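Order of writing sets the chain letters: A, B, C and D. Residues in each chain are counted from 1.
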Amino acid sequence: MCTPLTPERDLDVPSLERLVGFLLDAGVHGLFVTGSTGEVAYLPDEVRYRTLDVVAGAVAGQVPVLAGIVDTTTARVIGHARASKEHGAQALVATAPFYAPTAPVEFPGHFRAIRAAVDLPLVAYDIPGSVHAKLPPEVVAELAADGTLDGLKDSSGDLDGSRTVLELTGDTDFRVFTGSETMADVALFLGSHGLVPGLGNVDPHGYVRLYEAARRGDWVAAAAEQRRLRALFRMVEVGGTRVGPYASAIGAFKHALVARGILASGTTSLPMQPLDDREQSTVDTLLADAGLLDGPA
Amino acid sequence: MCTPLTPERDLDVPSLERLVGFLLDAGVHGLFVTGSTGEVAYLPDEVRYRTLDVVAGAVAGQVPVLAGIVDTTTARVIGHARASKEHGAQALVATAPFYAPTAPVEFPGHFRAIRAAVDLPLVAYDIPGSVHAKLPPEVVAELAADGTLDGLKDSSGDLDGSRTVLELTGDTDFRVFTGSETMADVALFLGSHGLVPGLGNVDPHGYVRLYEAARRGDWVAAAAEQRRLRALFRMVEVGGTRVGPYASAIGAFKHALVARGILASGTTSLPMQPLDDREQSTVDTLLADAGLLDGPA
Amino acid sequence: MCTPLTPERDLDVPSLERLVGFLLDAGVHGLFVTGSTGEVAYLPDEVRYRTLDVVAGAVAGQVPVLAGIVDTTTARVIGHARASKEHGAQALVATAPFYAPTAPVEFPGHFRAIRAAVDLPLVAYDIPGSVHAKLPPEVVAELAADGTLDGLKDSSGDLDGSRTVLELTGDTDFRVFTGSETMADVALFLGSHGLVPGLGNVDPHGYVRLYEAARRGDWVAAAAEQRRLRALFRMVEVGGTRVGPYASAIGAFKHALVARGILASGTTSLPMQPLDDREQSTVDTLLADAGLLDGPA
Amino acid sequence: MCTPLTPERDLDVPSLERLVGFLLDAGVHGLFVTGSTGEVAYLPDEVRYRTLDVVAGAVAGQVPVLAGIVDTTTARVIGHARASKEHGAQALVATAPFYAPTAPVEFPGHFRAIRAAVDLPLVAYDIPGSVHAKLPPEVVAELAADGTLDGLKDSSGDLDGSRTVLELTGDTDFRVFTGSETMADVALFLGSHGLVPGLGNVDPHGYVRLYEAARRGDWVAAAAEQRRLRALFRMVEVGGTRVGPYASAIGAFKHALVARGILASGTTSLPMQPLDDREQSTVDTLLADAGLLDGPA
């Protein structure tokens, strides 16, 4: 989930509640707050927890709420884990340590300490683009086997690794979710259990249709939906080198949600720079091409 | 500065006060707390600020105290900046944003927002090994020229880039400090103003001698001191692939400080694993070879 | 195709002819010689061309023979292109420039000059693990559209990029082949036209079965075959850090072909080091597990 | 040394002879042909060897001629070693293997096989920007100790590693040359024995002055010369992202040599694109600023 902000960069509660409603109406089976797309790395602690409060309140138990507990190392992550449980999270999503140059040998101890500290299901968040380390499939499988991890959110783009995790955790309750916007059908084809795409904020109905097509084994319909969503996803490149890749992606998602009438403002956190008029107009065109707007604004 | 911990991983205040005294006695001209060697990325906020309290109290104004305000993005860094000022910091040291895949175009806005929020001298911390981005010399120079930055702590290992910054900031008050343990003499030869080496915790007298030799232009003496310190620095490799590079380095520094009688315990933060007996013994040998211990323990 | 060598590191012609027969009997639709698995980067020019002579002679037109024309830059690649045509190649496979730090802006000129120099179908070889640059899908599509490229051998592991190429070249004769051993079923699912896996030397029957299952839309059978081949492919890790990744992979393929009675010797080129007895025995076990040997030797 | 080409991309022998004379007149102590700046990766074998013939003839024994024997792996490098000896090389310069993903464990065998095959002094060429692997100082020292290597050309930019090699080879005849244009004074300060800068084609007098200042211990004069050469070196960025980094650097060097009256043409090899008028004019300005031209053309 995106985290809507006012032009003054405060949490925009009405927009957040609208976004929850929009996603639930589309038929999503869970909500993941304070993840990368939610600008978690940009939010002070109090904003993270208020976001969780608002979402947990608006969801009112209809679907599970997962909270990203993103911080540099174990003790700091455990702090977020405890607070997130208090603020209504039903499961936690944690990355490997970052900033400090850690090594795979440290990953088991990291996740075990988190799991031991807070009694909630724990999902490993594999996001090498941010963490600059890949969770080895064997480590994930080891932590699945001993009950530390209940699932994996794979935002690594490494479908081969995802497949290895699925092979190694085969007949268990372990769940693999892909963060890929563009290969979601393939991830489901390989046995993944669910989708957590950032673009799902913009077109949740599309991803729900894709998921349902895959569940009934209609891979042709899934691929057709995926193709439309792949074209739509090109919005993340709209700001290109002018604003940087992340400001471009988050700015595009938020502008698209403004264009669709869900968010009041496309404001993003500092130091991200806003999209300009031309870039916003390109997002509008992509929305229209995907059948989500009547025409460019 | 290292951050001493008790075996239960609480802040070890008496050891921290001993470490301050050890460094001041050696003649250092300033103290940098909650930096990478200080395990800043491992410390909960309250431990960061207590560390700063203890150091500021022990220093009692004899030398400036600089505080690392290390966090993922602008708003979170500003939170640390405000708190660090309250807890006695006289200057702030901030990295580029991390975790989120930022771009150089965002760096000026990041540092300007920090500087505008808290009225203390601001030093940019260039540490691509942790941040996974390099501060371009031109950006540093631009932010020096407009008064945003007062200095650079260069832990990038890129002496060529340091030299460019020095050329571009030439006749100003801008200060460049190197974080290099092994090329400190060269950094001074190139015009850098000071040294902030992690190994300086273990052998502050050596780095002070190196600095003073360079100040009087005695490059032969500086290089001889550097050579001894280069050999001593090999302690960071002692844990090798067994515990990972960072656990090895921090573990070695802390064990050396135990061996030298400054710290009560070599405990490091989770998820770092401790050095084993053989590795600790290798550190002792390196200390003895450098003339800092009577012999291996 | 592997390039069989005698213990003295000369081309082993009888083994090479046996390998051709083994692959043709398995039902392959083409042969790719002097590719990465063929140790092309290790072979002097005369050995490359003799290999091509032998294969072209043994194949005798039953299937097309494609030749890797792997060298650092345009003029050198064109030299191989001319010679390979003379020695019986029916299509050419060329990488982007390497060694010199080139840029995507140079890729179109590179491939156009090769295509203009030698009148044979040209396949782009996308292998960032060796070339340290990725062929952008848009560049491939541009060169497909203007008739420079007839196909792509994608050894990048980037299925998302492959999919973009397939979308952009949609209804044309452009052909995409995957070099992936472990995601071959997915590549076919996405619309790729064929498989060029190094492990296909060891188990060509398996990959032919996988291909045929995919052609008839039986994705469950394809995935089951793929799963067996994924386990078999673990042979590439057998030498691990002892001999390095490439020596491990090529050594494993060649030992497996010795174990299956096709090659007389598992000798690899200098400076690759041979697998030891334990490592060879692990390959035997993997072969037996895959149903390709009666039991470990 | 640059390799001058005619507009038709044949070897330009008169320009090459002029370049030899220009360098000898400036006082260089040796010539390195068919290195990276010499476009070695772009030259067919026959052009490499003709270049060597011409240079060896023009030098006529006044200074040693070193030849780059750059190719992917051992057997191919040995072929160049043999031919280069026949064509007048007095020492050979070889990189680690590339293209194939080799590992440091293979490096000793590689260099030993080259040294055993051809009886000429052998210099290791450490150029990770092209080879994508770093020669570990310990490996270089091991090969120095056993007589395989006589020297190191360090184009890695890793002065710390260079320093380690110098420490490990201390009181021997092993020679370390830096390929750095911008830190040549520091390399000499650290004990390196010589300079092999690509920019030395353009301003050999400057680098000879820098070298001589360092030899007499006048580091202030060396640094002043270095500063002028650092500014001049910015010519390598002139083509920026338009033509790619290598085309920019080689194009700038060759245009500068045209501007200085040494080369008849600034033509570079395919697929490099030429500098445009504006870029050439910027090179002229940098030459004028460095005192090497009366004014922009």
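Operating definition for what follows: a residue touches a chain if its C-beta (ideal position, glycine included) is under 8 Å from a C-beta of that chain, and two chains touch if they have at least 3 such contacts.
These figures come from a predicted structure and were not determined experimentally.
Q: Nearest whole angstrom, what separates the Cα centre of chain A from the Cα centre of chain C?
A: One centre to the other, that is 37 Å.
Q: Between chain B and chain C, what is the gap in Å from one C-alpha centre to the other?
A: For chain B versus chain C, the centre distance works out to 49 Å.
Q: Name the residues of chain A that each touch 2 or more other chains.
A: Not one residue of chain A touches more than one other chain, so the list is empty.
Q: Answer with line, ring, star, complete or other to describe the graph linking chains that touch.
A: Graph shape here is a ring: one loop, exactly two partners per chain.
Q: Hey, which chains are touching each other here?
A: Chains touch in the following pairs: A-B, A-C, B-D, C-D.
Q: How about chain B: which of its residues touch chain D in the complex?
A: Those in contact with chain D are residues 157, 159-160, 163-164, 167, 180, 182-183, 186, 189-190, 219, 227, 230.
Q: Okay, in this complex, where on chain A does chain B touch?
A: 9, 36, 39, 41-44, 70, 72-76, 79, 97-103, 105-107, 109-110, 113, 129-132, 241-247, 269-273
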